[in-house]
Structure formats: structure tokens, C-alpha cells
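Reviewing the structure listed below.
Going in written order, the chains are labelled A, B, C, D and E, and every chain counts its residues from 1.
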Amino acid sequence: MTDVLIVVALLLVAGAATAAVLNRDPMRQALVLSFLGLALALLFTFLQAPDVALSQLAVGSAVTPLMILLTVRKVRRRPGSGDGVDKPAGRER
Amino acid sequence: MSTSDGWLAAALVPLLALVPVLWRIAYGSPGDRLIGQNLTSLLAGLVLLLAAQGFHRTSYNDVALVVSVLGPTGTLIYARFLDVLPDSRLVRWTALVGVPATVLPLCVATGPGRAMAKLLLIGVLLIAGSVVTSGRGAREGVTA
Amino acid sequence: MTVLPYLVAGWIFLIGVYGLVTSRDLIHAVGCLAVTQSSTYVLLLAVGYRNGGTAPVFADAPTDSRVVDPVVQALALTDIVVGATVTALLLALVVQLRKRHGTVDPDALSELKG
Amino acid sequence: MDTARLLPLVVAVPLLGAAVLVATGRRLPRLVSDIVGCAFAAATAATALLVLFRAGHPGPGGYPVEWVGGWQRVGIVLVGDPLGAGLAALVSLLVVAVLVYSWRYFEEPPRRHTGSFPALILVFQAGMCGFALTGDLFNAFVFFELMGVVAYALTGFRVEEPKPLQGALAFGVVNSLGAYVTLLGITLLYARTGELGFAQIGRRLDTEGPDGLVLAAFVLVTTGLLVKAAAVPFHFWLPDAHAVAPTPVCMLLSGVMVELGVYGVARVYWTVFSGPGGLSHPDFTRALLVLGVLTALLGAVMCWQQRHLKRLLAFSTVAHTGLFLIGVAVLTPEGISGTALYVLGHAGVKAALFACAGVLLDRYATVDEHELFGRARELPAVGVLFAVGGLALSGLPPFGSGLGKAAAEEAAGHTAVWLPALYVLVSAVTGGAVLRAGLRIFAGVGRRPRDEEEGGPETTGEEEPETGGRLGRIPMPLLAVPAGLLAASLALGVVPAVASAVGRAGALFTDTGGYRRTVLDGHAEAVPAHVPPHWQLTGILLGLLSAALAITLATLAVRRPVHTGTAALLAPVRRLQSGHIGDYVAWLIAGTALLTALTVPGVR
Amino acid sequence: MSPRVRLWVFLVGAAGFAALFAAACLDLPAFGTVPHPYGVRAVHAALSHHTANVIASVNFDLRAFDTLGEESILFSAVIGTVVLLRQARDEHRKDPEPATVHPPVRRFALLTLPFALLVGLYVIAHGQISPGGGFQGGVVAATALHLLYIAADYRALERVRPLTLYEIGEAAGEAAYVITGLAAVLAGSAFLANVLPFGTLATLSSGGTAMVLNAAVGLEVTSGIVVLLARFLDQAVEIEEPGEGGGSPRDTRDSGGNGDDERERA
């Protein structure tokens, strides 16, 4: 029975990883990444590694996506600067 | 099939339910994705509780405890950044039906003691987290 | 089943690298790097698993139970910390890069050539 | 106290220093935090030198070996063999030089972050020393990442500039990816052997024959190390990062960090894979020789084409790394000891050259060869140092770099007769490029180069000075440090004790069985027969030839500037260096496949 | 390179990599079958030091040197992020607008906050007995603190978060780790040797120095992650670039990067 759980979790992880890569909008990617974090935590629990699962849970499903979200917010805050190129804020050249 | 296999087979149910949730997170609208995120932590909590029992390891419940704390926190943070907190009956009913249906049999199997108190605590946290983060009317509140 | 976990680790690695190669957004690229790294956790823990084994945590298990390999778990823990910190540092660079270049599209970065 | 006990302290002392600086740095005045930083770095250097001395005069148990935490065979082992301890000492001494150099540098440290820069440098020191001393594969990965993380942060230190950020990001992504590839390889080795120590893995591997798993583990582990060593095609990040990092950081990156990658390849091969269960010697030689030759040639060609001074120096590091890889590839004690001496000499010379470039940057706010044309006539002292550095880089006797080059090319000549010619050519071209830039900048010789002669987009040398404003008078440390480094490089070539110690180190390094017995069984080993690097007539003549060639090339280039024809011919090569992270990652994976293809005949 | 060429270079490389990796997998021992000598030795070693959680024992005792490196990576990444995300000379700060929060969300967050902190501490404290430890618990505790950001707004979070203290806490954690190691040397043993009494298996005070190191890591990780997230929040919420509209600049001359100090003094 454990093997079945492991296989399902493995496939879930592989699917989540693929989805995280194919979602090219970082905001969407952050959500998929936190799903990936949880799926990995489940897989690690089935592999009898609760310590690693806890770490992965804390880092993968909370801290990393949060940092990505904050970065996206910083990067997108300027109006009309979705993903295009506009004037750099650096020194004038 | 031994009893431990039974618990693990039960864990398979919420685990498989995560598959459509992944689809929803990856390809849904912002509201859908948030519901998906909410459901993920709820279902993962249930999987972890059932698996801990299936492996006969009460110490694995710590993982579920952390999920029940970080899950709703994550959802609320996302709600803040995506500016949505959709009203989701699906989440509410999954929590209100799924959590007791999982936790109560587990309590029976564990018997009274510290482990049972922890189980009940995790159950309460999962329900409270899911209900608050899927609450009706919360929508206007967090968007500010 | 005998090789599936290893192959899944390989798949995660390659799909993550694919994302890095084709990325049009540096934040997305950093996310892909995190995906790539998760392949190392999967491989590490898969290597240390033993059928019928339980976690080598003897608080609620007899000390003579059959256990999985604790060393790979410790390594994976270290690895996860490394991954989180690298992600933080790279994202900090992306934030500043956006300010100075006005873009997070790797195709539009042209300061260093030749 | 047993000297072996000191081994972990080489890592612990700088870390403690960094923690002290961060905890108190916000309140400390600049001067105090600089002094504290220097004190901790110097204490580490003293410890490392003590270990090195003991490694040179071993007691009954051979060179110092320490199991951290006293966990014999269960924990992590640190090994103070002469080469590893020597590298740790080199790192520490260079860090002291860099901290002294930056004493008057960064005139305006970020407010309320006074201690950050020296603290990061100290952690960098700890990471590099740990990597040089460890005898455990996973521990090596940890220190590999540690030096990486610090280096990314240091490279992007000047956040007000666009270029450093881009360079640091490419550096971070490519190096992290390399580290993950290495970790996959380490995991494969663990799956096979169930061990993590170099010596233990090696012994277990030798109980079975080589197969696909061992080959894959070798390729994966080596890939990450080659990324750090900037071998072709993993090298793209190096010029981008080294050209834009703050000058004191460049001195460390080019001087020792890249070389530690080469050291890692050699160490892992000799201790883990060189036995019957690993990768056969001809296969290893073939793979590394091909990569080394490619790296040396590409580095030299690109180096010659640059006008951004720091980028020019960065490409010369790529070229020299190629030569170091060749020295490792020939798999003889003489190759190792020659290369080790070459690395020592090169570290001093390259750091001195970067230090001179830093002076120019701070005075003129540019390191562009064309823009600086003749402007630095007022700095004759810097000019002399720069010219001496260029000559030493080309392998002029009796510099340490010259002796190292002579010994390494002699060793390489036993493997393939044309390899010495490559050594001469590459060091002449890189030295010539430096001299050309020196002639133009400090002497204003020849015609002022016109910009439109160069085709295509390229990196020019406009930068913000790293000090508060442009420098008026050159502060003492900015001159004393390069002068001291060059003097040290000279001393390496003329003090015979150095050469004999390096020879011994090379012999012990290549003695696989001896290493395993010393680490695991605590046996003292006799030093195998070896020939220490020494001046021979051919070596002296070839060194003089390279220097003469370098001078000729430089003079020719200054007299009659670039032919448009050759520039156009080389344009595709230059375009590969695109600054695009996706490109670099694609090359990294392709490089892994290339390395596989080069080693695959190893499976029997 | 054009995207198409880049993709081809990648595909060729990936094919090679896949072949290599697949070949290696086929030579690997089948999943879940072979015990590793090192793992077996580690279990014995952990039990000999009365540490119930073997993973904690490997991390904080057998391979404590790895963890020293790992904590230094975190330490330097935090310094690096602080330096990289400092307020540049040409930027200014703006007070974020206060947020209005829906009452149930606020109540939930405020109720969960102390509880989540407690969970974090519990996970840290039980590191050598049950799954968890300084790192996991530290991250939970640090994340929990950010519930305040949800419950109220950024200013509320800033008020309870004296960043200077956390930065010192991070350095203190790192220093405590190194000093514990050095103390063993002074006691005449090897660096990071476990020189304290081992206690009784599966109790809070078991494991000797593993317990101390675990606590040091907990301190460092909690403080480090708080500082890390604070820097990103600062950038996302407060720091404005030149030319960025909206809000009134608070102090255009401030160039140090840390608004908390000013606020503390004010």
C-alpha cells in the first residue's frame, strides 16, 4: 500500500514540477510552486522522512512563494509596466 | 488487508483528490487558484493524518500540525496579493465533512491521551482555517 | 517501481532546466531553478528508502525497528536550506536588476556582450 | 595541542569574525570594523600556515587528519595534506591582502552596513578554506555552495550599477545549477557505495568494476566543479561576473576561487575515481585534455579582443584555467606540482593586475583601454606594476608563474609533444593583451584606437568608481598590495624551498593509496619518488620566448591596430558570449553531454 | 543565440543528459532494497549519544560541520540580501497606506499568531526527539510573525519587529554555533565534539551539544528569515524608485536602507 501512495505522490510531484515550469506568469507560478512544496512534503512523509517533509513544507510552501510574490509585486508596481521594457531608473547614460 | 493498509488506502482518497486541484491551480482563474491553494493544504492535512496512523507513527502528526498552521496563513497571504478571497462552498463543505470524517475515526483508533488531544487540535485548526479563508463576505475586507 | 523514483528525479531536473532555458521572465527563471533543485531532494530520499522501513526517530518506535537511511535525510535538509537561501539571494538581485534595467526579460538585458 | 586539531579552526575563526562583525558592525566606525576583519583573517592565515608547516614536517601519523567532533569514520574528515593546506594558506593570505587593499576602498560603505563587506569576505574565506581542506564529498558541496552564495552577493554588491547585477545573476544561476548537478552525482555515488568520504567511497568503488553508474557519477560531479573552474563550455558566467564585481572581490574570484574548481576536479578524481573501479586514466586524460585545450584557446582569443580591462583580465583567467586543467589532465605528480606552483604564481600576478585596474577605475571612472589612452601617464608607479604583472603573466623567468608554467609544460610535453607550444602561445597572447593595454594606457604609445574599427556590440569599460569620488592621490595600500603580491610571486620562483615543498605536495596528492591509508588507517606514508619543479634550460628559454612573443604582439597591436578582417572572423565566437542566462544554461547541459561523450569509452 | 538555436543546444544536451542519467538509474540498486553502511553506522552512533531523532543527531552531532556550513550559507545569504536590497541613493520611502481587514480574518490571524509561534517553538525544542528542529521550527516561527501583516498592516508588523535586534540575533546564533564548537576544543576534545552529558533517550534534555546547537540554529533561522522577509516587504511596500508616482515621500535624504531605526527613535 505504501508503494501505491509513493507512486501517486511521485506522479503528483512530477506533474506539479511540469506545471510550475509551464506557467510562465510568475504570480501563477508561485501558487503552483507552493502546491509542489506540499506535494513534495507528502512524498517525503511516505518515504519516511518527516523531518525533511517539515522543512519542505516551511520553505517550499510558505517562504519561497512569499518571496516570489513580494518580488512580483515590487517589479509590477509601477503602472503600465507589466512585462515590457521601460525607462531604467539607474543613472543616465 | 491489514488495518494499517486500510488507513493508507483511506489516505489515497484525499491524495487522488489533489490531482484535479493541481489542474485548477495551474489553469484556473485567480479565484479558482486561490480555492485550489486552500483545498491543497486541507487535503494534504488529511492525507498526513491518515498516513501517520497507517504507519503507526504518532510523531508524524507534527507535519499535519504545521500544515494546519501554515496552510491558512499561506492562503491569506495569497489573498492579499491576488486581491481576491472567493466565497467557496466546496472548501467549506470539504472541511466540515472531510475533517470530522477523518479525525473522529482516528481518535477512536488512538484512544484517549495526548495524541488524541493533538489530533482534535489539528482538526479544529483545519476547519477554522478553511472556514475563515472561504468565508462569505470576506471578499471586500482583504482587498484593501 | 524499481527505477521510477530515480526517473522522476531526472524528469524534474530536465523540465526545470528547460524552463530556465526558455524563460522570458527572470522571476520565473528563479522559480524554475527551485524546481530543478527539488530533483535533488527526490533523488536523495529515494536512494535512502528501504521497503518496510520507518523513520529513524525513536521517540515512538522501538530502537530495533527497520529504519530508512538517516544520512540522506540530513543531507536533504541541508540541501533545502541551501535552496531557499539561493532563491532569496537571486530574487534580491532580480529586484535590483528590474530597477536598473527596467525589465526582467533576459532577452532585453544587453549590458554584457562579447 | 595536536596540529590536526587546528584544521577546523581554519574554517571556524573567520566565521566567528563574520558573526562578530555583523553583530557589532552597525555601531562600529569603519576603521574598527576594518581592523577587526583584518585581525580575524590574519589569525586564520596564521593557523593555516601552521597546519601547512606541520604538513611539510609530518609526525608519525603522516600529514594532519582530523575527524570533526571526534567521530572517527562516522563524521566529516578534514585533511591537511600539503596541497590542500597550501591552498588554504594561499586563500587566507590573499584575503588578508584584499582586506588591506579595500581599507581605503569603498570610501562610502552602505550606511549602517559598515561591517557587511569584511564580514562577507571572511565567510568567503571560510568557504574556500573549508573546500580546500575537506575530505568529504557532501561537505565539499556545502562549502562549494557557501563560497558561491557569498560570491554572488559580493559580485552584486554595487546595486546602483546595472552591470554588476546582471553579472551576479548569471553567476548565481549557472553556479547553483552546477552545484545541483554535482549533488545528483554525489547522490548516485552514495547509492552505490553508501559512503560520503573521498577515501571511503574510493575504497568501496574499487571492490566492483566500473559501469554506467560510476561514469554518470563522475560526469555529474565533475560538471559542477568545471562550472566553478570555468572550463569551456561552462565558462560564460566568469567574464560577466569578474568584469563587474568590485575590484577586491575580483582579486579573490580570479586569484583563487576559480582555481579551487580545478583543485576539486583533481582531488575528486585522484581520491575517488582513479582506482580500478573508477574511470581509467586514459579516459580522464582525454576528456580533460580536450576541455583544457578548448578553454585555453578560447580564453586567449577572447582575452585579446577585449577593451574592458577587467573583462580582459577575466578572459585571461579563463585561458590560464585551461592550462591548469591540462596540467591536471596529464595525471603525473609533476603535472600536479607544476600546476600548483603555476596557480600560486598566477594568483599573486592576477590579483596584482586587478588591483592596478581598480586604481584606474577609481581615478578615471573607466577601465576602457581606448578611453584611457595615454591618460595614465601621470601614474608611472602603477604603470610599472602593470607592465611587470603582464610580463609575469606571460611566464617570464624567474617569476613563480614562470617556473610553474615551465614545470607544467614540461610535464604536459610527456603526454603530447605539441602541448608546450600551446602553453607558450596562450601565455604569450594573454600577457601580450595585458602589455598592449598597459602600453596604451600608461604610455600612450601608438595611434589612438578609433571605436568604429570594432564591429558589433561589445562591453565597453565605463563604470562608476568604487570609492566615494574619483581619487586624487593614490592611497598607499592601493599601491603596496599589488607590489607585495608581485614580490611574493617573484619569491615563489626563486626560493628553492617553495619548489621542493610543492614537488612533495604533488607527489603526496597523486598517491591515492597513501591518501586513503593516511585518512582511514592513520598510517604515515613515505613520499613517493618525484621530481620537484626546477629551472631547466628549456623552461627558461620557453619562458623568455613567451615573454618576447608577448612584447612583440603588444607592440605590433599598438603600432597597427586591429585588422577588421580578423575581428570579423572572430565575431561568431564573440557572439556566443551573449550575456543571456538561457544561453549559458543551455551550454551547461550541452557541456554535460559533451563530457559524457568524451568519457563514454570508459564503460567496458 | 536565437531562441531556436538555444532550444536546440538544450535539446541536444538534454538528450545526452537523459541517456547518461537513465543508464545510471538502471545500474542503481532497485528502489528500497539496499541498506547503506554509513546509514547503519549513523543509527548506532546516534543511539550511543542518546539522541532519539537520528536525523537531528546526524545534523547536529555526526555531521555538525555540514550544518555549520549550512548555517553560514543562510547567514551570508541574509547579509547579502540586506546589502543587495538596501535603499539605494536615489530612492525614497513612502508610508504604506493602512489596510482595512475583514473582522473574521483579523480575528483568525490574531488568534492563530500566538499559537503558530508556539508551534514553531515546540518544533524547535523537540528537535532531538521528534521530527523537526531548529531549522523547521525557526521557519514556522518566522512565517507566523507575518500573520500580523495579514491581521493588520505593514506598520503593525514593523512595530513589533525591531529589525536590529533580529539582525543581532542572527549573528548571535551563528556565533553561538561556532563558540559551542570551540568550547569543545578548549575542553581538550575535537572541534564540535559532543562534550556535554547525553541525558536520557527521548527527553527534552537529551543529546548533549546537539541540543545546544539545535537551539543556536533555531535562533539564527528565526531571526534570519524574519530579516530576509522584512527586506523583501520593505522593497515591495515601502521603498519607492525615483519617478514612481503616488504618496508623499517621507525622507528623500535617507540613504541607509533601514527605516525601522528612524521609526524607533521617533
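Assume a residue touches a chain if its C-beta (ideal position, glycine included) is under 8 Å from a C-beta of that chain, and two chains touch if they have at least 3 such contacts.
Note that the structure is predicted; figures quoted are calculated from it, not measured.
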| item | value |
| --- | --- |
| Any chain in contact with subunit C as well as subunit E | A, B, D |
| Touching subunit B and also subunit C, the following chains | A, E |
| Pair sharing more residue contacts (C-beta pairs) when A-C is set against D-E | D-E |
| From subunit A, the most remote chain by mean C-alpha position | D |
| Averaged-CA centre spacing for the pair subunit D and subunit B, given as whole angstrom | 51 |
| Subunit A-subunit E separation of Cα centroids, rounded to whole Å | 17 |
| Centre-of-Cα separation between subunit D and subunit C, whole angstrom | 27 |
| Subunit A and subunit B: spacing of chain centres that average the CA atoms, whole Å | 19 |
| Sequence positions of subunit C contacting 2 or more other chains | 1, 4-5, 13, 17-18, 21-23, 30, 39, 46-49, 53-55, 57, 59-60, 67-68, 71-73, 75, 77-78, 81-82, 85-86, 88-89, 91, 93-96, 99-101 |
| Junction residues of subunit D - those touching two or more other chains | 138, 142, 145, 149, 152-153, 156, 159-162, 184, 188, 190-191, 196, 575, 578, 580, 582, 585-586, 589 |
| Contacts with 2+ other chains: residues of subunit A | 22, 30, 48-55, 57-59, 62-63, 66-67, 71-74, 87-90 |
| Sites on subunit B touched by subunit A in the complex | 1, 4-5, 8-9, 11-12, 15-16, 18-19, 21-22, 25-26, 33-34, 36-37, 40-41, 44, 47-48, 51-52, 54-55, 57, 59-60, 62-63, 66-67, 70, 73-74, 77-78, 81-82 |
| Touch list for subunit A against partner subunit E, complex | 49-55, 57-59, 62-63, 66-67, 70-71, 73-74, 77-79, 87, 89 |
| Residue ranges of subunit C in contact with subunit E within the complex | 1-7, 10, 13-14, 17-18, 21-22, 46-51, 53, 55-60, 63, 67-75, 77-78, 81-82, 85-86, 88-89, 91-93, 95-96, 99 |
| Complex contact set, residues of subunit C against subunit B | 54-55, 57, 59-61 |
| Touching residues (chain side subunit C, partner subunit A) in the complex | 1, 4-5, 8, 11-12, 15-16, 18-19, 23-25, 27-28, 30-32, 34-35, 38-39, 41-42, 45-46, 48-49, 53-55, 57, 67-68, 73, 76-77, 80-81, 83-84, 87-88, 91, 94-95, 98-105, 108 |
